[in-house]
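Here you go, one structure.
For reference, chains read A, B, C and D in written order, and residue numbers begin at 1 within each chain.
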């Protein structure tokens, strides 16, 4: 259906894609895999006319094409969900879905938008996809996961020959992924060609008919899932063999910890802590060297908890104690000064400062804690940036390039680097692994655990329960913005799921 | 007897002259026992029209208007006429064909002021050989006094082959711009300049500073003429730095008040009320300085 | 899937409603304080005297919604009055030809600016600032003096009043302005062009990726603003019956202020055309109050205008508190 | 179809991007953001010089330099100072349209503090000052900074949009300046005060030296502290800056206060230069020129990217243009048209997009 051959793309002196090829057939789901910065999103931008390749040809159903803009690509029947949510936060959900092809009514000459029909159709569409969102809400007021669902709904609602999805599932939980897959299977049946990018191996094996692997901007190969078991796939992506960690691999010295922690003053302690309409009062302790996982459904209040703890939103009730001292944060700067760090969930809105360089983004929090003066010298900054670029494997041409030009997963790593650079005593991570590739995720988790061993307290929020299970010493479960309970290390996934879903008896 | 209510639509507060004009009207109204509704239009005609409309809505007895520009008053003046409110123009006329729209106009004639400046220069330079190089500091481009003062002056000196306006640029009626433009003139023309004609005193005062800073003697090396007659110009003349000022009297308050009373009392007024204005030379200026009010 | 229904946020007064309430409060204040204030004609005068501002501000609203700005509108109004007056009075062209001509000219002028902004990625502020100099300068090239219009059609339109009730009347200009306003509300909320304008204001990059015609819309928005400025200029010509290079100085600032006071974010994407009407009425009302008071000197006039604006904006913010972060971001 | 069984993938050869060729110096220089403003300045100067040969004529007169260039630098000084302050405001994605009014306020405060006293000292008539000179200057600057801080508070604390907050200051501030001067031009007689605006130090105009000092001080401040980083972060993504612990509000207030302070400095320079304070007209429309200077210098109005040196060059460009218009005798009616044409030309010249498309057109006919 869609065919790309010999695609080259250079940005200045940096070559991002070299001789990449891709064959997308009608009626298949084709997964494109690769590490962060391998060039997947760039390839997709070329396929959909956002950027022009330096060399190479595209053809659609045998006909050579050269889309000049996303609009042109859409006209050719290519429907796309880009990696970051690329919708308009100020429009309603319905408008976002129908932008560019609004239903009309009345005289055609007047071209009036049929608002009620648009709402009706959106509601029907969302229902079909099993998404519970009010179509009249402004998109920006929704959490990022919901926005992602809306973006998917938009792409699915077009009559297209080719559907391209760039990491559509990075913020979604299992049930949502499952219903998305159900829809995709239906579409595949009807002959659509679907291109799908993800970092979740299980999802690839669940849906993909074919896998193309990119590494370092080069085409590695194309296989069917049966030909390529998971270890081989990872090896193809990374270029060497990597042991895939299982949940047990880090269990070693864990059980003793709990006992020794009882009694000591917790590093961070919440008592009846909450805020009107955002979070019911809850209590929570975070000890030195402890990783506490937070699990819950979308909208269960995990992000709110983190924001309240960090002083981003004002708490209405309860107390927050740091090292036994009661504090009241009115500004994140105070939290930062006391050694807290918060890696936010919405990296585009709350995280990256797009036009600043990777280096400046990494030192920003450290500098903010130091105040205006002394200024971290540029050589020192470069050193620091280089250290984290190597430590976390951030793929950047150099540390002076604007962070907005990094690939999604690498931006996420740079944000983590920003907070690690402040050597915090309490690290709050909200979905830190979003969009990070398998190997890097592994390294990232190892790094967090290493830091915890050295005495850092970590609050780990993630939608992926297996991840939470693997890393946490203790798991706090939230439901409907209240604490549903706590589970000790070693709890099974089923136990957590039960607590997440069922109202407590 | 009911107190007379006068609504006055002033141009703005763009210059010292205007402030003196406003002060005069306010104090005269107080003295005459007339209730004054004062509106400042910030140099915008549309604001003056709005003000007149609200004066009509408030049913004032007389409307005083100092128009920003001559044209464009027919509609609103007709509304005033329909509401039987007499309108007195001050400072500047309007160009309506229908002269029944206002009862009288009092104030100066800008063209005449320009002519007086020109005539004084003719007189002053009589018998001297040419060429006489003049630089002109114009007022704000497009404003009525700038256009008319330029025209009146040019009309008079145009007949004299010795006189030549070598540079003419706008100084926006302000001291700072006057100084800046004069600086540029001095750099470009050097000692060629014989006469400076400024459309108002403020610009002349700025130009005097520029001339001094260039190492020349204002009033001696360069003859300086300006219009308005503010205190600053009189002081400059007393110090010998300026040669002549053509007065444009802002103290219209008392005349306006007596006209307002007459109109309300039903008397007919002449269509044009002239104001007392003189051309002051240096010696006259020294004598008049102590009594200058503004 | 997401089983939890999202709880709505606390009830909040929409900004436009808050503005209307504040306007009503000011009217009440004026009526109590000043005799003659509470009359139909005073309120209609608000529309008559601000008709051109309303039209210009409506065009400006669209530009600001895309995140741009148009500083040239005041000068375009002046140029329109000048061209109309010169053609009608000096060349004796028929108004039926002149009016469409200047409207097209305004739209073209705006489109040219929009093209510069879009094609060469120039900053709207300087493009339209240069446009402002250019249009104002062209006025003086035509004539530095003012030109009175005595042409019968123009005078007739200028002086016709549409009687409403109890002797109160509207001018033709204000009727045109209200019609423009109604059309603009429809265009902004009911057409694809309007929604694209909002989308571009929300995120130009996203709009591009969503396949919206970004280039066309940006050029269109500036053309619309130019058209509205020219239409405002025609209304101004009716209002003044003269063409003059110094007409409508600083009008761009009044228009921008009306739009922003009406609750539109200068950063784009958020705001309502109806808010702009509130903004225009608000500015007009402040001026009316001050004229009715009639005791303020020139400088106190300015200070009081500033203070009233401040009070209005602060109260408006107060009714929307909690939205603060979003607005500041 | 490229299906090969690969359980142990062959390692790819290391990516061999040829090392980027070191560009010629002039190519690298041409990419420097200040090049185009400088080219513009040079072009305008060249036009001026070709029509007005006196431009380059510099004289040593009365112990100081004298000539058109000195005038330009001297006149550009207050504009440059205002624009420098404004640059930081714009870098935080704000705007300040009240600077003109603040210029008037600070001049008026200075004039009032000096007062209008005179006496005969040692047989010569002299104007005196009511307040010591240092206090006069301090008072005027404080008035400016206060106005700026008020703007900053309205914006950062009350959450008003910058354009509205500063519009209020622009209106009320102009009114306050008129109130202070009583709508008159207050003339200043105290001679030592004149040094600031029209004096010379080492043969150079003091006003220009002040502007230079402000520029130098700001550059130093931004280089030596993290202020530049914070301001850019706030300008690009205020939410993210806040999350990272940057005190965005405090910095915003300070930046506006500093902008007010700069306007205060300009007010002192202007009032001292014209030896008077004019509440009605001082600094009128200066905000437009200042914003123009900032933008011509390469600062983005959408925040994040700014250049102090660019702003200074921008101010020089504007003043050179004005002087050129005066010097070559452009009739006042077409001043604005000339200015418009130059601004259009300048911004196109500076647009990399325009240059790229121009090159594309130029090379289209070229068979290479």
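The rule is simple: contacts are C-beta pairs under 8 Å (C-beta built on N, C-alpha and C of every residue); 3 or more make two chains touch, one makes a residue touch a chain.
To keep track of the chains, here are their UniProt names: A = Sugar ABC transporter ATP-binding protein; C = Sugar ABC transporter permease YjfF; D = ABC transporter permease.
Small disclaimer: the values here were computed from a predicted structure and weren't measured.
J.: Any chains in contact with both chain A and chain D (ABC transporter permease)?
T.: Of all the chains present, those in contact with both chain A and chain D (ABC transporter permease) are C.
J.: Looking at C-alpha means, what's the farthest chain from chain C?
T.: Taking each chain's C-alpha mean as its centre, the farthest from chain C is A.
J.: Could you put a whole-Å number on the gap between the CA centroids of chain B and chain C?
T.: Comparing mean C-alpha positions, chain C is 34 Å from chain B.
J.: In whole angstrom, how far does the Cα centroid of chain C sit from the Cα centroid of chain D (ABC transporter permease)?
T.: Here chain C and chain D (ABC transporter permease) have centroids separated by 30 Å.
J.: Report the inter-centroid distance (CA atoms only) between chain A and chain C in whole Å.
T.: Centres of chain A and chain C (C-alpha means) sit 43 Å apart.
J.: Take the average of all CA coordinates in chain B, do the same for chain D (ABC transporter permease), and state the distance between these two points in whole angstrom.
T.: Measuring from centre to centre gives 35 Å for this pair.
J.: Could you pull out the residues of chain D (ABC transporter permease) that touch at least 2 other chains?
T.: 178, 183, 239, 333, 335
J.: Find every residue in chain B that makes contact with two or more other chains and list them.
T.: Residues 13, 19, 22, 141 of chain B each touch two or more of the other chains.
J.: Hey, what residues on chain C touch two or more of the other chains?
T.: Residues 140, 144, 297-299, 301-302 of chain C each touch two or more of the other chains.
J.: Using the contact rule from the top, write out all pairs of chains that touch.
T.: Chain pairs that touch: A-C, A-D, B-C, B-D, C-D.
J.: Please name which positions on chain C make contact with chain A in the complex.
T.: Spelled out, the residues of chain C in touch with chain A are 1-7, 9-10, 186, 190-192, 195-196, 198-199, 201-203, 205-213, 269-270, 326.
J.: Tell me, which parts of chain A touch chain D (ABC transporter permease) in their complex?
T.: 12-15, 18, 21, 23, 215-224, 227-229, 232, 235-236, 239-241, 310, 312, 331-333, 335-337, 342, 344, 349-356, 360, 363-365, 367-376, 418
J.: For a test of understanding, state which residues of chain B touch chain C in their complex under the given definition.
T.: My answer: residues 7, 10, 12-13, 19, 22, 26, 36-40, 42-47, 49-51, 53-55, 57-59, 68-72, 74-75, 78, 95, 97, 140-144, 147.
J.: Please output the residues of chain D (ABC transporter permease) touching chain A within their complex, sorted ascending.
T.: These residues of chain D (ABC transporter permease) touch chain A: 1-9, 11-12, 15, 17, 20, 223-227, 229-230, 232-233, 236-237, 239-247, 304-305.
J.: Which stretch or stretches of chain B touch chain D (ABC transporter permease) in the complex?
T.: Contact set of chain B toward chain D (ABC transporter permease): 13-16, 18-19, 22, 138, 141, 167-170, 172-176, 179-181, 183-185, 187-188, 190, 202, 205-206, 209, 213-215, 232, 294.
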